[in-house]
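Each of the next two complexes has chain A plus one other chain: chain B in the first, chain C in the second.
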Partner chain A sequence: MLYREAGDYKKSYAEDSQTFPLKLDRYGYYAILAIAFLVVPFVINDYWASAVLIPFLIWSIASLGLNILTGYCGQVSLGTGGFMAVGAYASYKLMTSFPDLNIMIIVLLSGAITASVGVLFGLPSLRIKGFYLAVATLAAQFFLVWLFNKVEWFYNYSASGQISAPTRSMLGFEVTGPAASASAKYLFCLVLVVLFAWIARNLTRGRIGRSWMAIRDMDIAAEIIGVNPLKTKLTAFAVSSFFIGVAGALFFAVYLGAVEVGEAFGIQKSFLVLFMIIIGGLGSVLGSFIGAAFLVLMPVLLKNIMVIRLGWPGDLAGHLELVIIGGIIMLTLVLEPHGIAQIWRVTKQKLRLWPFPH
Partner chain B sequence: MKLTKLAAIATAALTMATPVLAELVIPSLSYRTGPYAAGGIPLADGYADYFHLLNERDGGIGGVMVNVIECETGYNTEKGVECYEATKGEGALVYQPLSTGMTYQLIPKVTADGIPLHTMGYGRTSAANGEVFSNVFNYPTNYWDAASVAVNYLLDENEGDLNGKSIALVYHNSAYGKEPIRTLEALAEIHGYDLTLLPVDHPGQEQKSQWLQIRRERPDYVVMWGFGVMNAVAIQEAANIRFPMENFIGAWWSGAEHDVLPAGADSDGYKALTMNGLGMDYPIFDDIQTYIVDRGLASGAGDQIGTVLYNRTIYAGFLTHMAILKAQEIHGVADITPSMMRDGMEALVITDEMMAEHGMAGFGPAFEVTCENHGGPGMGAVSQWDATAQTWNLISEFSESDKDVINPLIEEDSLAYAAENDIELRCN
Partner chain C sequence: MTATADTYETPDGRTIGGKVLEMRNITLRFGGVVAIKDISFDIREGEIRAIIGPNGAGKSSMLNVINGFYHPQEGEIWFHGEKRKPMKPYQIAKQGIARTFQNIALFKGMSTLDNIMTGRFNQMKTNMLAQMLWKGPAEREEVENREIVEKVIDFLEIQAIRKTPVGALPYGLQKRVELGRALAAQPKLLLLDEPMAGMNVEEKEDMSRFILDVNDEFGTTIALIEHDMGVVMDISDRVVVMDYGKKIGDGTPDEVINNQDVIDAYLGVDHG
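Moving on to the complex of A and B:
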């Protein structure tokens, strides 16, 4: 009744294959973008930026990245935390070595450096698959964290091994460092998120994305029909690591401002991103966002409800939070193994027919 | 839809929490959950109890009640950021994050926001240089002092000569654990001892290989920079390889009851540094009994009173209390702002009489904070665990560290920070 395609005519192939074929969806998408760009920057405060929106945007990029590798190309990776660390340390070294370089260039270069490291660690994927590949990428995780802890050059020989982001600005607005305003940091991340979501969407529905999916669905068959597994797998690793590296650079430079590799990029971060894409939906751009929102915003929401609204002690809330989130994860996976994005898809299908399903 | 719901709840929560009455807001970034909870619980309890005692006994500080806002971080820096942002708008006077990682993150932020940060015996050591770090204070002592006090103690034990001796440092492989390395290396050059570094990764449950190496190399002394579960595991491992406990010295975050109790009788004789008084032989504990415990106001389970870490945050609370009094005196107002608090901390003078007056005679050293020196005197003492009586006993006086070694290191590190961040030197 409310949500239907009757009267929504398509006159060209381009129109027919657009990302949001339904008018209602398309307008919803424009509305969200308009609010995100034109309204939120003016009302945002430090709490909303640092505790809610910036982590959400950064984790969205990371989960988009892992979704490309795992969701679209079928290569399980547990090295996300390590690759984020590469992005973070690359941006730190670039920021301190080239003080005049624009921060946007630094972030993108950090992504490129991470992409090359990702390709290197992706090489074993040509020989090993599934769980064994997961173990190989796990090695990348531990190796990279160890490397950034061990080699003092990476943290400029500081006494503690902590890296701190110096102040850098973009178009006259500071985006890193302590004096950066909430809206500048938010907009900087938002631009990158929109850009990367657009790239991810268009890569995955084009030739490259189809070759990734062919490899995912059955690599031998894909090879027989002429998909080059070397090129396909390594491009997936490169693109995925690029996204994850950018997320790591933003995580360090814009969000936290100072990190220590073991604490900020440990194995738990790899699992966090993997959970995001599993809960959100493997092989879905929307799912990456939903998963990131679920695992980043839910703890903050629960804490606000339990501690500030209900006045419960913080430690009780902290423990309950783990129980509740764990419970919701299990419930979601039991009821809908394909993730929350699938629930959204099914809902849309049902809404098209509602209220006359027959 | 999820966002809008969240927005509604959070805005409602924020408007609800806006202070109406004049009060002194002290945020407590606690970690009663997670791998470091064993240390976090007594730390959080002591801090809260001290300010609740002031409210109950004296009606606040200078007639203004203290509001302690506890925010759970789980020793996680991201949650720490959330807590900082959530509490700073409430008029938070001073932050004590009790975590070195979080301190590094907060140093630039508090400086930009004009809120003081007090990191007592942890955090960034070079913050002792007030010329560079305007809003960060780490009096009365810091890690490098701790390392030096430990070496001084070993010098005393060996008639002033450590030549040819070997010391192994077992440390938490993080910013916290790496802090003392530089000092120990500098001291090794002077005193001629041999230093072995043995990192232990977070959280520190796995230390077999490190202790195997100690067993093989048999260093004369083992110094430990550990926290949380790592301490208990290390002490157990030391007992397993029959390393003599009296040659095993922990930093002041490695010497609490919960660290030694799991090893039972084997932990007898283990030594640890301390910066605060131990036990309950101070008049303030009578007041805590009367005003807090008897009235059922003890925070947490109320079973931590008198433990090492509880006493440490009682001491932290006392220093904060004195700084607030100083700030009220300087500015002539009772309801002070964070920037006034900063002035109070910078002008802080602690004398033996002040400590006696507040029922804490001899709890810590007397010292003065100045614009240049935010680090205090850097004194520490050595304590030893008695497994039969289950008490920590002081076995040395509070003594000074080797400032000739530490001050140039502080100078070097802080000036590097100033250059990296374009900070102009103050205090001229």
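Moving on to the complex of A and C:
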């Protein structure tokens, strides 16, 4: 009864293939956008920004990116952390080499640089699939982290080996650097998230998205339809790495401010993003957001309950947190391999008929 | 019918045109195994051409040669009067050859509509930037192609399963969706690898009707592999018979059925 299609007529194919075919969904989406842009920036404080909202937004971009590659195109990648590092170091080099360049342009250029690195490491995907490709991308992860540690040019020969983001503003508001306000950082990330979610949705609904899914589901059949496998896979690697590079640049410049590559972009980050898309839902834009929200919020929530409410020691809580999240990942894999997004879809089907069984 | 004439009439009054595809002395080897041995035949415009033969005769290999999965060691392939260079399958698809598979090769994670829309891949041209923006050229192109796809859906009578994921469909419908995906490309030559394998009589009748209607309404040239002799004899204009990689018969169904080599291949030779 809640999600009724009755009376919601589609008069054209364009209307039939819109992102939110149901009125209720559409208005819900507008409402969320309105709250995110018009309410949250005024009530946000430093704790909420740095513990919850900004990491959620940045990981959303990263998991959208990995979902395009793994969820839509079927190419498993464990190089996410390494590609994020490329984005971060690209933005650092650009910020320090061109101090007058707008921060938005720097972030997008970092994405473009990461895209070209991603294409390079995507080349083996023509020959190898599945686990073997995952191992090849794992090599990318370790190589890139090693590279940014080893070659001093990347961190401008600083003694600590760290990179730290200089202050840059957007439209008169500082978005990077120690003095940037929570709401400016939040809005900067939010604009990019909305932009990239929109691009991800548009790319996956049309010709290119269908060619990705065709390669994922049956590469031989895709080829006899006219899909060039190499070009299609490399496009997926490029788009995916662009997203991940932007996430890396934001993670460094806006969120952390100062970064040491092995710590910030290690292999755990690659797995974190992979878990996000598995829990959220492979091949789903909504799933990328759900997965990112889940894995960002869950640790905060567990810590709040165990340490602050129950007064357990911090190290015990930290270990339990890993156990609980690991358990949830296994449960999702067993019970609903298509992730929380699929549970949401099934729930919507049920809500359409509720309270009647048929 | 004379083999040298450019066109011929079928018994039911259709005029069959010139050669769409000509295979000349094709030989295909896998190491020491000769899968196809010195076979020549042609497929003419507007005809339904069947390739039959016992298991392991090399029929599917022949289709794989036509759409570029295998490259023959010897022989030439002529398509629309031009000698074809060795090409990748996706390049051959762009030339207008579509096919279905013996074991259904649908995109399991996608809906019926998306599967058939994927068949329009070669006809869709908008670039990545337009795709990202969606509004404008990309959406217009999507709607134009959707109209063609909807015609295919109407034609195959699968309107009701438009938005169903194909993995959830019964076997017969999956076969139909796969035919739809090939039809959506509006191919010049349609290759069907055992379109009726594993079907019951009713489904076979449906599929035969669709094949005949495709040929009749769109004038599509069709080459098909099939084991059901009744179907082959009923719907095809000319038949190639293969056995152990060699061609042992070629002609109208009536000619083939009375060919002694063909009878021997199917029924066995009395060695006593």
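Worth a mention:
FYI, the second predicted complex is superposed on the first by the 358 of 358 C-alpha atoms of A that agree within 3 Å, B and C clash if a C-alpha of one lies under 4 Å from a C-alpha of the other, contacts with A are read in each partner's own complex, and residues count from 1 in each chain.
Following the convention adopted for this analysis, a contact is a pair of C-beta atoms (placed from the backbone, for glycine too) under 8 Å apart; a residue touches a chain by one contact, two chains touch by 3 or more.
The shown structure was predicted, so the numbers you read here are calculated from the model rather than taken from an experiment.
By the touch criterion defined above, A:G314 reaches chain B but does not reach chain C. Contact with neither chain B nor chain C is seen for A:L38 once the two complexes are overlaid on the shared chain.
Shared-chain residue A:V300: touches chain B; no touch with chain C.
When the shared chain is aligned, chain B comes close enough to touch A:G177, but chain C does not. Of the two partner chains placed by the overlay, only chain B lies in contact with A:S160; chain C stays clear of it. Residue contacts after overlaying the shared chain place A:I224 against chain C, while chain B stays out of touching range.
Comparing chain C and chain B on the residues of chain A they touch gives the larger count to B.
Residues of chain C that touch chain A in their complex: 67, 69, 88-90, 92-94, 98-99, 101, 105-110, 114, 117-119, 121-122, 124, 126, 128, 131-134, 138-139, 141-143, 146-147, 150, 181, 185.
The residues of chain A lying in touch with chain B in their complex are 46-48, 50-52, 55, 96, 149, 158-162, 164, 166-167, 177-179, 255-260, 262-264, 266, 293, 297, 300-301, 303-305, 307-309, 313-315, 317-319. For chain B in complex with chain A, the touching residues are 2-3, 5-6, 9-10, 12-14, 16-17, 30, 32-34, 37, 41, 70-72, 74, 76-78, 81-82, 85-86, 88-89, 100-101, 104-105, 107-109, 111-113, 124-126, 173-176, 178-179, 181-182, 199, 201-202, 413, 416, 420-422. Contact residues of chain A toward chain C in the complex are 12-14, 17, 199, 202-203, 205-208, 210-211, 213-214, 216-218, 220-229, 235, 283.
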